[in-house]
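You will see two complexes here that share chain A, one where it goes with chain B and one where it goes with chain C.
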Partner chain A sequence: MAPDQNIPESSQPAKSEVTAAPQASQFLRVTSRADRTASSVFIMPSVLVVLLLAIFPLIISLYLSLSRFKFVKGGFEIKFVGLANFHKLFFGSEQKHFLGVLAVPSVVGWMVFGSVIGLLIYALFRGFIQRRFKARSLIGNILVFFFLTALIWLIIASLAPQGRPGTTVVTLLYVYIDIFIQYCIGLSLALLVTQQIRFRRFFRVIYLIPMMITPVGIAYMFRMLVDTDKGPFQPIWQALGLGLFSWVSNPWGARAAIMLGDIWQWTPFMFIVLLAAIEGQSVELLEAAYVDGSNRWQAFWHITFPQILPVTSTLVLIRMIEAFKIVDLPNIMTNGGPGTATESLTLQAFITWRSLDLGTSAAIAYTLLFLVTFIGISYVSLIRSRVAGEL
Partner chain B sequence: MLKSLFIRRSLFEPSIGEKTIIYLLLIGWTIVVLFPIYWLVVTSFKLPIDVNTGPFYIPFVDYTPSLHAWEYILVGDLANDTRRNFLNTLTVAPTSAAIALLLGTAAAYALIRFEYRPRLGSILSFILCLIFAIFAITLGAPWQISLGAMLALFIVILLTIGRRFKRSLKNNDIAFWLISQRMLPPVAVVIPIYILFQRMALLDTRTALVITYVAVNLPIVVWLMRDYFQTIPIELEECAAIDGASRYRIFRSIVIPLSVPGLVATFLFILVFAWNEYLLALFLSGAKSQTLPLTIAAQNATRGPQWWYMSVLILIMIVPVIIIAILLERYIARGLLVGAVKG
Partner chain C sequence: MSKKFMLLFSLVLVGVLLLTACGPTPTPVVQTVEVPVEVVTTVEVPGEEVTVVETVVVTAAPEAKPYEGVELSILTFTGPQIAEPLQRRGPDFEALTGAKVNVVVVPFNELYQKILTDAATGTNSFDGWVFAPQWMVDFITPGYMEDLTERVNNDPSIQWDDIASFFRDFSATYGGKIYTIPLDGDFHMVYYRTDLLQEAGLNPPETWDDYLAVAKEFHGKDLNGDGDPDYGSCISKKRGAQAYWFITDFVASMAQSQGTGQGTFFKPDTMEPLVDNEAFRKAMELYKETGKYGPPDELNLDVGDTRGLFTSGRCALSMDWGDIGPLAIDPTTSTVQDKVGAVITPGSKTVLDWDTGKLVPCDETSCPYAINGVNHAPFAAYGGWSGGVNSAIDQLKKDAAYAFFAYMSAPEQANEDVTIGKTGFNPYRTSQFLNRQAWVEAGMSPTAASDYLGAIESSLASPNMVLDLRIPQNQRYQGVVLDTTVAQYLAGEIDLDTAVQQIYDGWQEITDELGREDQAAAYQGTLGVQK
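== the complex of A and B ==
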């Protein structure tokens, strides 16, 4: 996977003009009538399917999020109410549910906030210098900066002793804590399995299994497992004096139980891709490092890790997009409780939908969409473009 | 690559102590993975009283196993439901995965090997017209007329103002647009899709589920396969083109055979997604087209979760995918990896 094996990417005309042979671009260009037909035949079905089932519903959803749904005589009525649903979420009656109760952070909270902001300002400044004062990228960066600052403030303020995290913060916690732990476990397992050991294929197949189970099943399974009274770990809880303690009565206990289920399910995905990446790394560099007397940790940190960094960035992006949609686990394990402590954004939208408040439900879904899109784009433009090149 | 390394050098050989630690850690995680499944198996053979009176671990020692749950699910009262839902899952998941793979692969290939330049102006005007049409429909205009008016307006705009906009999109933008559909939370689109299928009288049919899953999984296919196709040397296709092969022929006879690992991995991936999907199925199916995840959730009845039935159903559900996964395991890593490292 050496960089010089890269074939020219048609998607980047500037690059391909430099590296590709002239015939290559000839082949890419659509010239004849037959080519034109072929190009439509290839792409049109997908575009149409996505248009029909994503764009069309998206527009209707947007309209729903700006309206109120109610039953009237002989059917239902959808009344346009402007931004009232969003107002309700951000400032009105749903604010505590959606954003959480914000409080003044503790000293530790202030310290964390200060250091993160310092880091962000540093990154902004560096990017500013590196890009030679281009106005457009600067505006983009400043936007991202303010957005991230607001998010971090939201997290820290609602996690403060007097505060209470809303569904947005809970979702962010699920996504990032889960991805971090999944990545760490997946990477360690992949490193262990690539050592010179036997039964490698056996471990690989076994470790893949959790990914194949339906999230609904996993949720019920974990509900059985974390039961402190009848679950399999009952003797352990008993010994710890937690015999009749219920995870679900404690907000952090319930969140931990849900994260446990998510980590159990998605570590295999990280594992299997990282394993392939580690097996595909260039061996000569590693050999040279060992001959020069570096130890395992140095070899990993300076040679293996940089090589799997592009894979890492893609993995995190894929998982991030999927993890924001977490709904089955909290819905089944805790039904969002205690209170709303474990509710994710998707679950909140689902519960609101179930109570027939279609407008608010669509507004929540739309906010989630904006959140994911913005975080995704910031991630791609700030981190991933540096690590792995273009998207 | 790794094998040759080990033959050449013993530098990487872990010492006995290290090996012990490695094995212990690996076996530890194996237990973490397998114990929940073992617990499912054990629970599926328990009577309700065995579940409710505390943890029992080993059949025949701690408690007397019973086949009642398996009987209930497979030949007893729930047998018809199970069979129907199993058949539904068995038709919906592979069909939707196959269609998504077919369409997505073609689109991914096209995004790599053709240059598209759709005008930004025409796309924007199309979306604008669509919004107008939807507004008209919601305000009570008949949908045939509003759609016709929308098309007419679109063509007029395209022929007049549309030509002025010279800015056009590139392949990357189309790809990003397709991929970004994966970011949509299903809740955001499910209500309109529900209404759409209701209008088309497709609610509670397998067709509706297949169509939805195709749309949901297409972006993943495009994403993974696009990166995969970038690794296929273009020279082969050029030679074929010079020899007079059409684009379709090149795609069928050269590109597809070369990308089997990627295709298999992607197929397995979206098959698992469709097989396990719960939320969309919950919205779109009534009694007839239910899939197995719904059956599992349905065991949480008024008398509380029926753990023994659930265990049986989960086990029934995971056996087919695990068999497929074991058979195709060698492809998964290769297929996904190339997608991830790009090159």
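== the complex of A and C ==
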């Protein structure tokens, strides 16, 4: 609504005042324009700060990912090299490190791959039917389908007997195995402390402690714990006759050690959020279920779990975004080793940056950004919106 | 009233603070003392000679502290080694010169980029660095390092000629100019337990096969009497640490046999990596095999860890720089005092034919420097921790930084520091080799001192000594490509052929990126090749 339409009738210019009218209307035009632009002007400083702090580094790092950093006489130069850094990661000398070694899957691998693809096709078809053949959603879903198929193939082929997972697959394993176990333990603990047991308040505090500790501290603690030569479990290890064996020198043992630390660190986060969700559920429904003769499992599965599902979906999304950035645990516990077995994408970017290959480091970081964004969007569109919609 | 008072008070306070902050550095107080001085002057005047006594006021000369008020920031890696002597001797240097020394430490794998980024971005928060001299080519090219030639030439106290020629002319010098002050001498050696080998009737290893045989003999046995099984060989193999130099010991003993100028990393003319051949493959296999007789978590052990294991009596053999020698005589940490011997790195009876890529037996032509038919190629890995001065700081600070490194390197300090294990400094001056009494006084038996110094001396004197890689971005060749691939191979992630191909491709990629001709010229220059 234009401001001049708000001017009361009494203040409209009389015929005798007709000479003052142009000036008044000009004044009104100026003030109305000022009113219109005021909001933009007032938020401009905040926008500029956000641009400066968030967008500008993103643009600079994008440029870095397309360039090569080199020290020259008197300083350094940044030379534009196009997609050479990305080519190096996906097809060049860093391919085996970044994507891993892909091999023909075993029979089990093929079966898993076939099952997952079947599920994806079913989800795609169902989504297509439910959205009443909308072309835009179909294109989006097909894109998600191909992306997820490629990702699952990468995981299965690199985990095949002759294959080797690269940092991308190792990161995905950290994310999904850890989140699954953290959720299961967190939910179990949350259900436990909602029962009328003694010291439940005490346990609520105790279970939160790992989350309060700095990740670096946790990494050092677990590094000592898994050291079978000097760690606290050394006497037990020796007594078992395993003095000349270290389980963390094995690639999968080392990955398990990293996951153990991560699960210990992040389970409290799952626990505290799920506890709040469980305590916030409708008691009447539960009471009605028990009156109708349902047992505890039935009450949980049909009443509690559906009620906490929206929280669960958000919780998983938050943890997923956070978990993709795992770096402190593998960096301190194993330095990415043995070999590159425990190296995550962020750690690879960090190590590459440390050797001053800033272009490749930025390319890894951008690939990670793309991966997280795409998986996040896929998750939201395929799972979270559906979970929220069904409830 | 109160508002005005508050305003006035605030203004005065701000003014005082500004004056305090921006004011000149307080100069030291000079005391004046009145003392009678007898001045005798001879004046040619007619008549009798007259002695005139008068009282004059003179100013007592202050103590000579040329760097009073200067504060130096020196960057090195997380100690205790290397940082310890710098921190310990900093206050002594301050008492002598007035310059305060702050030692800043970062993890070893961050040191290279920390120096470069600090200098390249113009931050210049460090006045000097104690670092690997092999990296200096990357610091000199962009002009970050101060040329110290004139200072060294005009400084007799540093006793430059006393520094062994390898460290003086190779480690400290680039393009005929001196850029670093050596503080440490580095050679890889093999350490062994004299008591165990004597008891078992075994000789110290001469070849890698001997090394493996000795390691196998003792692996799994209790070597320190604590009832737990111990290890035959302890070699640091941690990725991203100081372990990546050890593979070159194995390779060089087979790849370099024609003297130092031959090189062991590339074919000097073409810069083709010397990895796709039988010597490199055998070296990798031997290196991996040492792991069979090592600690179970050897892949995660840094040099500090293996030193600790050896001096606590848990290893029969170990490979290291000169550090284990002095560490083994430290009564507070060592259980193997006077039970440690050292020998030049083992060699090979077969060497690489560069034309065919095959291993051939040693003879007078193929191994002109062989000892008892064994080709030894002692590796001057790293080149010894050295001090360099930032060229972007002001003149007084440059002088002070140089003075600090010269003070640390002067025989009065250095000859004591090299005998202390925790310093991480190993002998690099002729006087340190000649004066064996200092080592005996430090706790080494005469035999152990002779053994230890003899191993370093024979490495230094070897005409087939291996020079470390000192071409632009050598850290990427060794610290990234070689280190990562060797770690993957040792962990069983990749097979030997993949490892060889990965190193070959990775090194070729860096060479192509930086310019093959430039890199070849730099490599030939470091080897002393005359075209």
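Miscellaneous remarks
Keep in mind that, in the parts below, the second predicted complex is superposed on the first by the 330 of 391 C-alpha atoms of A that agree within 3 Å, B and C clash if a C-alpha of one lies under 4 Å from a C-alpha of the other, contacts with A are read in each partner's own complex, and residues count from 1 in each chain.
As a working rule, a contact is a pair of C-beta atoms (placed from the backbone, for glycine too) under 8 Å apart; a residue touches a chain by one contact, two chains touch by 3 or more.
Source: prediction; values computed, not measured.
In the superposition on chain A, contact is made by A:A362 with chain B only, not with chain C. In the overlay built on the shared chain, the residue A:F300 is in contact with neither chain B nor chain C. Contact with chain C, but none with chain B, is seen for A:R68 once the two complexes are overlaid on the shared chain.
If you count the residues of chain A touched by chain B and by chain C, you find the higher number for B.
Common to the chain B and chain C contact sets on chain A are residues 229, 353.
Looking at the complex, you find that chain C touches chain A at residues 109-110, 112-113, 116-117, 120, 138, 141-143, 220, 228-229, 238-241, 295-300, 475-476, 479-480, 484, 487-494, 498, 502, 505-506, 509, 513. Of all residues in chain A, those touching chain B in their complex are 1, 3, 5-13, 20, 23-24, 27-30, 34-35, 38-39, 41-43, 45-47, 49-50, 52-61, 63-64, 78, 185, 188-189, 192-197, 201, 203-217, 220-225, 229-235, 264, 272-273, 275-277, 279-280, 283, 286-287, 290-291, 310-311, 314-315, 321, 324-325, 327-328, 332, 345-346, 349-350, 353, 358, 361-362, 364-366, 368-369, 372-373, 376, 388-391. By the touch rule above, chain A contacts chain C in their complex via residues 68, 71-76, 92-93, 96-97, 101, 164, 227-229, 238, 243-246, 248-249, 251, 334-341, 351, 353-357. Per the touch definition, chain B reaches chain A in the complex via residues 1-2, 4-6, 8-9, 11-14, 18-19, 22-23, 25-26, 29-30, 32-37, 39-40, 43, 51-55, 57, 103-104, 106-107, 109-116, 127, 130-131, 134-135, 138, 170-172, 174-176, 178, 180-193, 195-196, 211-212, 214-216, 218-219, 222, 230-234, 237-238, 241, 246-248, 251, 272, 275-276, 278-279, 292-293, 296-297, 300, 305, 307, 310, 313-314, 317-318, 321-322, 325-326, 329, 332-334, 336-337, 339-343.
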